[in-house]
Every structure is written in structure tokens, then in C-alpha cells.
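Going by the order they are written in, the chains are A, B and C; count residues from 1 in each one.
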Amino acid sequence: MIIDGSEKSLRKFLSDLPPVDQVGAEARAAMLATRSIKTSSKAWAIDMAISMVDLTTLEGADTPGKVKSLCAKAVRPDQSDLTVPSVGAICVYNDMVKIARTELDRIGGKSLPVAAVATAFPSGRASLAVKKIDTQDAVDAGANEIDMVIDRGAFLSGRIYDVFEEIRVIKEICGKKAHLKVILETGELVTYDNVRKASYLAMLAGADFIKTSTGKVAPAATAPVVLVMLEAVRDYFTLTGEKIGVKPAGGIRTTKDAIKQLVLVKETAGEQWLTPDLFRIGASALLNDLLMQRMKLRTGHYASANYVTVD
Amino acid sequence: MSSLDVNKTYKLFIGGAFPRSESGRVYEIKGANKKFLANPALASRKDLRDAVVAAKSAQSGWANATAFNRGQILYRIAEIMQGRSEQFVEEICALEGITTKAAKLQVAEAIDTWVWYSGWCDKLSSVSGSQNQVSGPFYNFTTPEALGVIALFAEGKPSLLGAVRTLAPVLAGGNSAILIASESYPLPAITLGEVIATSDVPGGVVNILTGKASELLPWVGSHMEIDGVDVAGLNKKQEDEIKLVGADNLKRISRFAPGNHPERILSFMEHKTIWHPIGI
Amino acid sequence: MSDFEYANAPESKAIANISPNYGLFIGGKFVDPKKGKSFSTINPATEELLSKVGYGDKSDIDAAVRSARAAYTKIWSKMPAKERGKYLYRIARIMQERAREFAVVETLDNGKPIRESRDTDIPLAAAHFFYHAGWADKLEYAGFGSKPKPLGVVGQIIPWNFPLLMLAWKIAPALAAGNTVVLKPAETTPLTALLFAEVCQQAGLPDGVVNIVTGDGITGAALVNHPDINKVAFTGSTEVGKAIARSISATKKTATLELGGKAANLVFEDAAVDEAVEGIINGIFFNQGHVCCAGSRLIIQENVADEVLEKLKKRMSLIRVGDPMDKNTDLGAINSKEQLNKIEEISKTGDAEGANRWSPDIKLPTKGFWYPPTIFTGVTQSHRIAREEIFGPVLSVLTFRTPAEAIEKANNTMYGLSAGIWSDKGAKVLWAAKQLKAGVIWSNTFNKFDPASPFGGYKESGWGREGGRHGLAGYLISDSKVNK
């Protein structure tokens, strides 16, 4: 135990964390962005990235039909090429969990997890009672993963123990049925120091994954933010022996973006994090670009969007 | 019957004290009228060594004093010199054989020189420093800092002014100094030491040696704790010699045009550039 | 589990048109050396021959100085300053246009990673010309008197660690101030200087304003001792710097010297540790540690030393050593066999004197000259590896208990070129920056360079500054100083 669960020990732990130098962190991320990933390593990276995608639809206009077609794409992203791996998970609002789970089971995606955004996503502005019900509802509907949002207002106003307690309570509800991903919404935390503190806070409270963003706030999963979070899981592992996953979400649209993320993982947390169990990419448009790049590598010519499905 | 004059004993000025040369040697100085004036100490290499030790240990304290404080102390030297003008005028007249009027002018100019450099102390970094526009998220600035221990070979004539115009700028920049007075015209320099000793200048910041430049020169040149040299009082051959030996620790060696100029200060300073990221 | 090995990503050599032979660049033309001698320059990563370049001797130096003098007297000193500036702008632009080619040639000749020549050396070299171009017609505002005058003909000698960048540091301010130059590139890295000679031709720079004479130390000595140069500008070892100071001691020549270093990189307990580790890596492994201002002495506060070292070692394991032309290479080849021997020799004293050597498990190429990233822990002030410049990827690690001790150790050296400070506490950073006896202080960063930022050392790290307003002083006559 690195903290005893009390507010005092949590505060002490977080205040003892080393600071992050913004310029230095951004320079490191920028340097890693210059890595040139070609040929065989590119092919490997594309397939790995596909298997890490949390294929997401989080719209007010989501319908059962839309979610079902998303499920089909998740299981077999490219109907013309069955060597393409399935994605990491699909990510939907609570009320779509049951539909998604049923559909996936029906079409051969039993092992593909369904993630639900619970706890008053995306703002997190609801009472704890509501958040608990929200979470319980998703778990009951068959969600394998809960993507919860933290109360950024509480964090920024210094009520970090409230944030900690909320995560702990939600984790209890998830129990063994669902993995807990904690969304920090780094765009609202603003500083890298806050990102580091919030990362540790979430891990200490029981997060299985720490996730950058809801996708509703910009900036989202910038490279330096992901770098700082990867450093956090790396160092947390050194400290506790426990591996926590990282999920950048928002703003990752192209194969190039995705490969840059994998480079960040490899050269920060290390190769052992290069698995869908420990790294996911929350995205929707990204998958098609990965598929087109994959076609390009296979066929040698540039692909057309007409050959990948719109959803 | 008039009473007999009590003549002054001219000694060295090292570490705030007035010792005789450890060698026990003196040499004779005659006035312009060929009459005996004094037996100043003939400093040895060991006196030089002691002076360097004193200068080295005093330097960082002097450099770390606020520039405002250093400026006040240099101005204080001017004040005390003003009070001792008569004595300087007499010494200069006897030594250089110039008119009282000319000697007075020299003393006045020496005093003005202290005042001028006093005012430089807290303005140097504004004039010589800079904030540099680097392309990147960094605050980058350059600021002058004292070099360390500077040896000064004072000119012979003008005897007082020659000493002051080498010494004042070096002190203004935060260095400590070893002033090697002109062999033939050393007396005002020693009296200057007495002024300095009573002007709040910390002991060791100024050290004054009398004797033969030719004897001390190779030791000054090769002393690894001496960082810079003003060769005002050396001839060309001696300058070449000290530059050759001084290369051993890359001494900063300069000769200046007559007159006062901030470059006299800056030549014995280093520019330090500091980078710091700008971020949250 | 993963196996995300980066496939080879080599930069194409096709862009580099390296001629099999080069003459000396004198009076605007490539000419054969008078004695007809030449020497080889090789790729240190493969030991393959790149080209044969002319060996300049005393008579060639004399021809070059004459050409520079004539250009100075007849053309360059008479040209309106703004026109001079426009030539420098032209040069800067052509260097930018040919940046990729310069980067490839630099990496082939020097052994440094293409990422560094592409992202650092070449852009900075062009930036130096761009920066100084703007000074040419503004010198009267630079604070060196109302009518600043050039010195005349300047002899310049540059090292092999940043061949083109050092050329830019030398030539750009010299020309901006109105001088003409004779430059001698380093023996092992002459090619980008010769490519630069082509740029001078493309820019239409008047003949003789820039002369480039390739050769070795003897060529350099002939330049230093030529009676008709007004100034020597040298970057290289302290030993040679002192020799130059001696050779010009009885002349009217002035000098700027940019010499060795043994920079302390101080890590305080309150540092941003991850960025500090990056800074340490960049401080000592940038350019294979062939950097005079390299952070070669890491001095860590004892209570965080274990944490920092553990992270440092993990990070060192990620350093990609190998083909400099691969875009993903972090650490390239050692520039020469001679330098490799020197690194090996001094490093061995570290073992012998009881320090603990550690290198990550990295496979080095079999051909060419290579040295693994290395750290020595348990180093004390008296070890040779803590005092001598190694000029290679070898870091000596020491510890301190109090800030005063850190400064004392940092300053306990004859050098004073640069230093690093890692602390998140502003007041402490400024305190340390003030105490450190070094010309460049990097706080919470390291090995940053910019044309606007003066560079140069305290103590035996040299005379004068290069870059920024302060760098101009070395190329202008001072009203208030007398050079015999």
C-alpha cells in the first residue's frame, strides 16, 4: 500500500510527485513524433492499432441501427480482408449497451468488450447517487468496461478526496464484472502537473485504465499529455507491480497519429504496454484510415475511401 | 627652530594591511629634483603570492555585494581622496616635477575617475547585458560578471591618475585587484592604498605592490589564479612576454587607450547567458 | 506480446553529389593545391572513402590570405553594408533550399545521426546567416561605438563536431561585420565546407571574400602564423587554443577562442525528474557527446540519486545506436578512429580508478567507429573521467548533499563553458546560475543553441563570445583598446 486510504496520505502522496516541465515534456513528445515507421513495422503497427481501437459512437442521434452496424464493423473491420483483426472494444452510451452486447454476441463478437460511458458523461455534473445508478445500470446491461468521468470541478477546486472517493465507489460497483477506465478530461485540467496528479489519483483509487478525454473537449489526447500519463503508469508499475492501461481519446484521426501513439507507448511505458489489454485508442474516424493504409501497404497503391465502409 | 619632519614609511598594501616586503628589500626613490624621497618596499614574488591569496579570498564577497553598494564604496574613495588632495598634490609635484596647478588637475581628474566608475556599477548590465530573442519557448538573457583577480601594471606618469584609471574600472566590475605601482613613480599609489584602507573597501579587494615590474612580470604571467592583466605600464616587449606566459591559463590581457571607457570594465568581465524554459 | 521493432528508415543518399575530388576554394574558384597533395575523407560509420580533398600548405594559405586581403581592400570594405547583408541573406536562403543535401553530406562525413543534422545542424547554420545578415547594416546600433570598423582578414579554424554549424558561427558574423575570411575546416569533416563554397558561388559572393583551405593542423598553424591576418577565430581543444594564444602573443592579431569544457549538470531534489532525465540524455549523448559544452559531469542530489539513475538507465536502454543515415538513430558513429581511441583510453582510467561502468545491452555495428552510451557511477572529483574532457558518449556521475557543495564541485575545474541546473524552484535556479562559473547556463534544458544567444566560456574554455550582439565584438575594432 503506497497510501493508507486517508485524505492526508493521498494529499501527501500527490504533493510529493515530481513536477512536469512543460517545455521539456513537449520537446520529448515532439522528438518521438519524428520516428519514421516504415514497411514491416508499419504493417505491424497498423494491425496493433486496429486491435486497440475503442470504436466509439457517442451522439445524441445514436440509434439501435447505427450501433448494430458499428458492431459489425468492430468484429470484422474489413469485410474484404478477414486477416484484419477485430477492434479493441466498442464504446457507447448506457442505453445502447444491451443492444451492442446482444448484437456482438449474435455476430461472433462474444469476446469483444462493450464499454459504456457512465457517471453523467461527459460533464460529470450530477450527484454521486445518480452516478452510482448510472454505473449500476450499465453493468447490469452487460457492459464489460465503464468509462467514467472525474469531477474536474472538484479536482480543480482542491477537493481531490471527493474525486478519489467517487472513483473508489464506482470501482466497487464495477466489481469484477467491468473494467474501470477513468477519464481525466485533460483538456480541462490544463497543466501537465494536474494530469500527472489526476493520473495517480485515479490509479490509487482503483482505475484499471486512465483515459485522456471524453472527446467533447479540445485539446484532447495530445502527445505530451499521453506521454505524461504513460510515465505515470510506468512509474506506478515500478512502485506497485501493477500495470494500469492508458487510453488516449479524441483527436486521433489518422494512421500517422495512431502510430505516433504507439511510438510513445514503446519508448515511454515500454513494449509490454503494446497490447489492447493496456493501451486503447478511443476513436471513430481513425479505423477507416487505418484500413486504407493497410490496403495501401498490401496492394502498393493508394486506397480509395469507397472501399471502406462509412460505418 | 622648526621641528624635524616626520617622514612617511611607504609599505605594501596586502589584504587590508600594510606589511613590509617579506624579502626585507627596499629601493630608493628620488624626486624630480634628484633628492631622496622614500624607500618603498621592493616586492618579491612571495609578496605577489600573498597578494593573490588575499585578492582571491576577497573577490567573491566583493562581486556579490550589490552593485549599488560597490558604487557607494567607490564614491567613498573619491570623498576620502578629496580630503587628502593636498598630500597627493605634494607627492605628485615632488615625484613628477610638475607644477602645483598641473598636479591639482591630475588629482581632480583622479577623483572624477572614481566618481565616473562609481556610477557605472549598477548600470553595466543594462548597457552590456541583453535579453536574447531565441526561437523557442525560452527566456534567454546575458549578463556581465566579474572575471576574478586582475593584475594591473600602472603607468608611470601621470602617477596617481595612471593608477586610478586602471584600478577603478576593475573594482567597478566586481573584480579584486593587484596594482603593481610604477617602479619610478610609486608613491601616490601607496598613498592611494591608505585612502582605500579607510574607504569601506573590504580587505584584499585592492592590493598594492611596489617594486620592479620586470621582476614581478613573469610571476604575474604564470600565476594561475590571476585571471586578467592590464598592461598599461609595460613596454611592448614586456607585454609580449606576459601574453606568452599568460596563455597558460588564457589570461585576459588588455591595453587600453587613454581615457575612461566602459570597455575598461567590461574587458575584465565575462558574459554569462542563461536559458530557462517558459511554461506552466 | 509486442514486437514493434522499427524497420530501417534510411535517408536517401541520392541527393548528395559528393565529387570524388575537391580542390581548395581560393578567390572564388576551386583550385588545385600548389603541391598537388590531397587526403581522404571517409564515412566513419562504414570506413568507406567519400572523397579526396586538397591538402593546403603554407603556400596555399598564403594565396588564400592574399585573395582575402584583395577582396577586403577592393570590394568588401567598400561595399555598402546593406549590400553585404543581402549577400548573407542569399547565402542563408540557398542553405535552406539545399538543407536536405547538406544534412546528408554532414551525416556521411561526420557520423552524426541524420535526425540531428537535419533538425539541428543545418537549420541552425542557415539561421546564423539569416541572423547576422540583419546586423550588417545595423552595426552602429550594436553598442560598439558609432562607427564600428571591421578588423580585415580573419583566419578561422573549426572542429569536426558540428562542421557546417561551426562554419556558420565563424563566417556569418565575420562577413556581417565587414571582414573577409580564410577558413580551415577540420581534417576529418571537410565536405560541407566545400559544399558551402558552392553556395558562395551560387550566391554570387565576390571572389575572395570567403576562402576555404582544407588540410590538417599544419595547415591551421600556417593560417594562424600568416603575417597578414588580423584575427584568429578558433574552435577546438584548450591545448591548441593555448598554443594559438602563444603564437600570436607578439603580434597585433586578436583572437576569439572557443575551447573545451567539462560541464556540470546539476540535478536538485525538486527537479522535474522525467524532463531532467531527458536533459541528461541530451546533454551527454547528443552528437555522440562530441560537444564542447556537453553535460559530461552529472552531479545529483544524493536523496534523489537512486531514482534519477534508475530512470536514466532505463532511458539509456532506449537509445538507438547505429546507422547514422537511419532516421530513427539517436546515437551515431564516433567521428574518427583517433577519437575512438581517446574515448577508450580515458574511459579505461575510470575502470582503473574504481568507478563503476554501465552501458545498456546494445549491439554495435562491426564496421566503423562506435562507442556505446556509457555512464560511470561512484565517480569522485579526483578521477580523470571527472576532470578531463572525454568528448564522447561517456557520463561521469557524482552526488552532492547541499546546494553549496553542488556549486563547489561544479566549479572545481579549469573549464567554464557551460552548466546545467535542474530544479523547479525559480529562486534556487537563479541562485545556482549566479554561482556557476560558466558562460552558458542551461536551466531545465540543455544543449540549446540559437544565433541570438551568445556562446562562449569562462576560464580556460576560451576568449570571447560567438553569437548574439556580444559575438559581433570579436569582429570589430574596439576604439578603446590598443593592439600594440
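Here, a contact is a pair of C-beta atoms (placed from the backbone, for glycine too) under 8 Å apart; a residue touches a chain by one contact, two chains touch by 3 or more.
Everything numeric in this text was worked out from a predicted model, so none of it was measured.
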Looking at Cα centroids only, farthest away from subunit B lies chain A
Heading the list of chain pairs by contact pairs is B-C
Rounded to the nearest Å, the gap separating the Cα centres of subunit A and subunit B is 70
For the pair subunit A and subunit C, the C-alpha centroid-to-centroid distance in angstrom is 44
Chain centres from averaged Cα atoms put subunit B and subunit C apart, in whole Å, by 37
Multi-partner residues in subunit B (2 or more other chains touched) are 138, 277
Subunit C touches at least 2 other chains through residues 444-445
Residues in subunit A with touches to at least two other chains are numbered 21, 23-24
Subunit B partner, complex, touching residues on subunit C are 127, 143, 238, 241-243, 245-246, 249-250, 257, 259, 414, 416, 429, 433, 438-445, 448, 450, 452-456, 458-460, 462-463, 465, 468-470, 478-484
Counting only contacts in the complex, subunit A reaches subunit C at residues 18-21, 23-25, 27-28, 34-42, 44-45, 48, 231, 238, 262, 266-267, 271-272, 274-275
Note: in the complex, subunit B contacts subunit C through residues 127-128, 130, 132-136, 138, 140, 142, 227, 236, 239-240, 243-244, 246-250, 252, 254-257, 259, 261, 263-264, 267, 270-277
Residue set of subunit B touching subunit A in the complex reads 137-138, 277-280
Listed in rising order, the residues of subunit C that touch subunit A in the complex are 1-9, 115, 119, 270-276, 278-279, 310, 318, 327-328, 424, 444-445
